[in-house]
Amino acid sequence: MSWSALLGLAIVLGLAPLLPGVAAKTRARLTGRRGAPLLQLYRDLARLWRKGVVYSRTTTFAFRVAPVVLVVTAVLAACLVPLDGRRALVGFSGDFVAFAALLALGRFALVLAAWDTGSSFEGMGASREVTVAAFAEPALFLTFVALVLASGSLSLGGALGAPLAAAWPSAAPALALVTASLFLVLLAEGSRVPVDDPATHLELTMIHEVMVLDHSGLDLALILYGGALKLSLFGALLVGAVAPRAEIPPAIAVGVLVAGLLVVAMAVGVVESVMARLRLSRVPQFLTAASALAALAVILLLVR
Amino acid sequence: MARLVELLLLLVILTNFIVLGTTRLSTCIRAVALQGFLLGVLPLALYPRGELHTWGLALGTVAVKAVILPRFLRWAIREAAVRREVEPRVGYALSLLLGVAAVAVAFAISGRLPLPEGARAMLVPAALATVILGLFVLITRSKALVQVVGYLMLENGVYLFGLTHVEEVPFLVEAGVLLDVFVGVFIMGIVVFHINREFDSLDSTRLSELVDR
Amino acid sequence: MILLGLVAVPALAAAGAYAHREAPWRTAWLITGALLHLGLVAFAWASRPGPALGGWLALDALGSIVLATVSVLFAVIASYTVGYLRWEQPRGGRAFVSCLLVFLAAASLVALSHHFVLLWIGLEATTLAVAPLIFHRHDRRSLEAVWKYLVISSVAIALALLGVFFLATAQAGAGRPLVLEDLVAQGTRLHPDWLKAAFIFLLVGFGTKMGLAPLHTWKPDAYGEAPGLVGGLMAGALTSCAFLAVARSTQVALAAGVGPFIRPLLLAFGLLSLGVAAAFLVGQTDLRRLLAYSSVEHMGLLALGLGLGAAGSYGAVLHMINNAFVKGLLFLAAGNLLLRGAAGTHRTPVSAGLLLVGLFAVTGSPPFGTFLSEFAILGAAFQGGHYWIAGTALALLALIFVALAVRILGVIHGPSPGAAEAARESPWLVAGPIALALAVLLLGVYLPSALVDALGAAAGALGGRAP
């Protein structure tokens, strides 16, 4: 339980709502608008905190529990990622499976809540979300396999930490492919363009937003925060794969992480301003491309 | 230099995937143009001694494969009403996955063959992968133009393999091969143009009149 | 010098023909080019020039036979073209004649090159030169035919190039790269695995150009839609060039000692071609497609001969010559019949008669030359103890004879139209086929000694001997 890991966790937990703001601001600026303030999501969360919650009569405990499960699983998953570049708060062999499982649990809770409402909009959103996840999971696992192959360590702490830093020079092309694949998965899991446009207001075109239509007040705040935290976790994975920070002092490593997260958020904003949302039937193709990139990386690492 | 060669070959494999996964005809042509450019730069990276004939080969390849042929192919389809491929016989997602399998197979085969040393070691798998993927595109796509793109990919793969022997096969011969490919694609493009005019589409499944009675 | 001239003269004639707009000049260029080429070939046979371009171009027995065959066939077809162009003006007549001459130049390159990449370039050039000829009618059917032809041939040739590069890898510095003499001389130093892989790709690639089954699917369409003389050129000259390419690959493989690996491959392709041809000839209604499948059959025989070795190699080379002339005869005669719209002894008596002669020639009946060559091949099979191969081949040949006879006799005694048109045919259109028929007849009765020597030398290079 090193202090730098705790510091990294605290900073990521606190900084998570900034990332969607940065992405939105970048997108707005690139399309010629001024855009919402950077700290808008913080203000939204505070506002929602003060509001009361409305529950539909058709819902059960699943609806009430889901937002909490989402945030708790996201925080637990954050404990598994080596945010200071060296070791995670909690690490064990095979913990990348636990990482994916925790995030899947959070998603599952949201899906249950969506079904619980009995509304067709939420049901549609839930089925779309699960479809996207079904295609994104193989890509994610293939990137994990590639990282494990490159670093030789079965734990996320090692796969993104010192062993990876040692393997970086020789495995650079494969890791470039891993980075690309992780970015595509980030776009999918974070419900960003080209998979899901966060700025749309047409329910029939939404995936994630429409799934959480019925939540209000504190629940909605928790869900928004959970989404932002998920985005920053994937961003942390990305930064870990690109910039191994095992050699530099921990405090600076955390600083590099923050900078990397901001860069990732800006990249997301750039992608959102350049591309349009894909037709839903093309999303599996998009994610298969991500899987293909990761699989290529695995092949390259296997023949090394 | 070895690092640069690896990077270039990786990009070549990625351009194959672009052709596999895209629906737009113009993206196919651009991908093959990019592949031609990478192929033109490769001899310079492989043999950095920089003799005149290496430069000549590189420039010629870039001129033909990256500039002239793509432009010509774009001309051939400029009157085509359709800009996108219809759903091919093997769907796009499956094509991507099969593409990865093909790359794996290419690496596996190359692992068993006695290979030349050094930087060339990744050439053979990349060449075989491009050949296999070129054949795959040729066979599974129904638009005549994409079939020509598949043929170009096949030729690029064979050319990649030939790069392992650039020192032994002199410039004149490589120029002859390049010329042959150029004329071949030229004639194919003219035929595509005529197909477009005659059938008002580039769908080669319409070409089914000649049968054995 | 002569060797370079053999390639350059037709190429220059092609350029000259393209430059003129008036038809008579183009025809003059065609005839001049063909006759000059024929003269050069005769001179080369007599004087036996040495290698050129550092050993890349050379004239050996096998190459000289192919060269002579192509040149004679082309000269005959050129004379036919004169009459053809008067009867039917193909659109873009400039391209027509120029492509014919470019084909001759490329075929000469194939026959003369002793460097594998040069051989490849020549064969690819012949492929490309023929494509506009197939497409000359610019209608839907020929468009489809030329597209299929282009795609399949180009893919095959690309795979053959891969095979050539495999060959270079197998050679790995043993002598001048990809030069035939050095490959044969250093045979034992070639890497066997790469060589086997190379041979497979070369056989598939060049075999597709030959038209061996199962790679023959472009043949019926291409031969069926091309004009008669183009079909004759393809079936006679192009297949001979492709056969030469396969033979060169076999030469190298035999010198390297992988004979036991390649012979079964050749035999399998040969028998399969015979079988496929027999299957598709039965019930075939279109005359030119019929001839296409007959071409597949004869290519199968050539592969069989190559694979058998001993006297089979001799038979294969002799059969190549006979096949070229017979196919030329058949396609030109069939072209005449189709030119007049309907078959029948009334409208085109001479061509119908020639078609009958061709039927007997193509099925290997004595006294035609094809009988001798097929006898040599089958005899080699029996002598080598491959009884069931010989038996299967004989049965298939008999089946093919019946199928061809039924169809061609039906064509000849076709429906007699009401008003019989002038039964005179243009001398230009019949002189060629008659000459070819006489040549095949001659080859069945008498082989010039120079030819016998050359055949023996060629057979020796291919691991065989004279019978």
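Just so it is clear, A, B and C label the chains in written order, and each chain counts residues from 1 on its own.
Here is the rule we use: contacts are C-beta pairs under 8 Å (C-beta built on N, C-alpha and C of every residue); 3 or more make two chains touch, one makes a residue touch a chain.
All values derive from a computational prediction rather than experimental measurement.
Peer 1: Select the chain at the greatest separation from chain C, using centres from the mean of Cα atoms.
Peer 2: So the farthest one, by centre of C-alpha atoms, is A.
Peer 1: Max contacts between which two chains?
Peer 2: The chain pair sharing the largest number of C-beta contacts is B-C.
Peer 1: If you average the CA atoms of chain A and of chain C, how many Å lie between those two points?
Peer 2: Going by mean C-alpha positions, chain A sits 65 Å from chain C.
Peer 1: Provide the C-alpha centroid distance between chain B and chain C, rounded to the nearest whole angstrom.
Peer 2: 31
Peer 1: At what distance in angstrom does the C-alpha mean of chain B lie from that of chain A?
Peer 2: 37
Peer 1: For chain A, which residues count as touching chain B in their complex?
Peer 2: Touch residues, chain A against chain B: 172-173, 176-177, 284-285, 288-289, 291-293, 295-296, 299-300, 302-303.
Peer 1: Which of the residues in chain B come into contact with chain A in the complex?
Peer 2: 3, 6-7, 10, 13-14, 17, 21, 92-93, 96-97, 99-100, 103-104, 107, 111, 125
Peer 1: Within their complex, state which residues of chain C touch chain B.
Peer 2: 115, 117-118, 120-121, 124-125, 127-128, 131-132, 135, 138, 140-141, 143-148, 150-151, 154-155, 158-159, 161-162, 165-166, 168-169, 173, 177-178, 191, 193-194, 220-221, 224-225, 280, 284-286, 289
Peer 1: What does chain B use to touch chain C in their complex?
Peer 2: It is residues 113-114, 116, 131, 135, 138, 144, 147, 151, 154-155, 157-158, 161-162, 164-165, 168-169, 173, 176-177, 180, 183-184, 187-188, 191, 194-195, 198-199, 204, 207-210, 212-213 of chain B that touch chain C.
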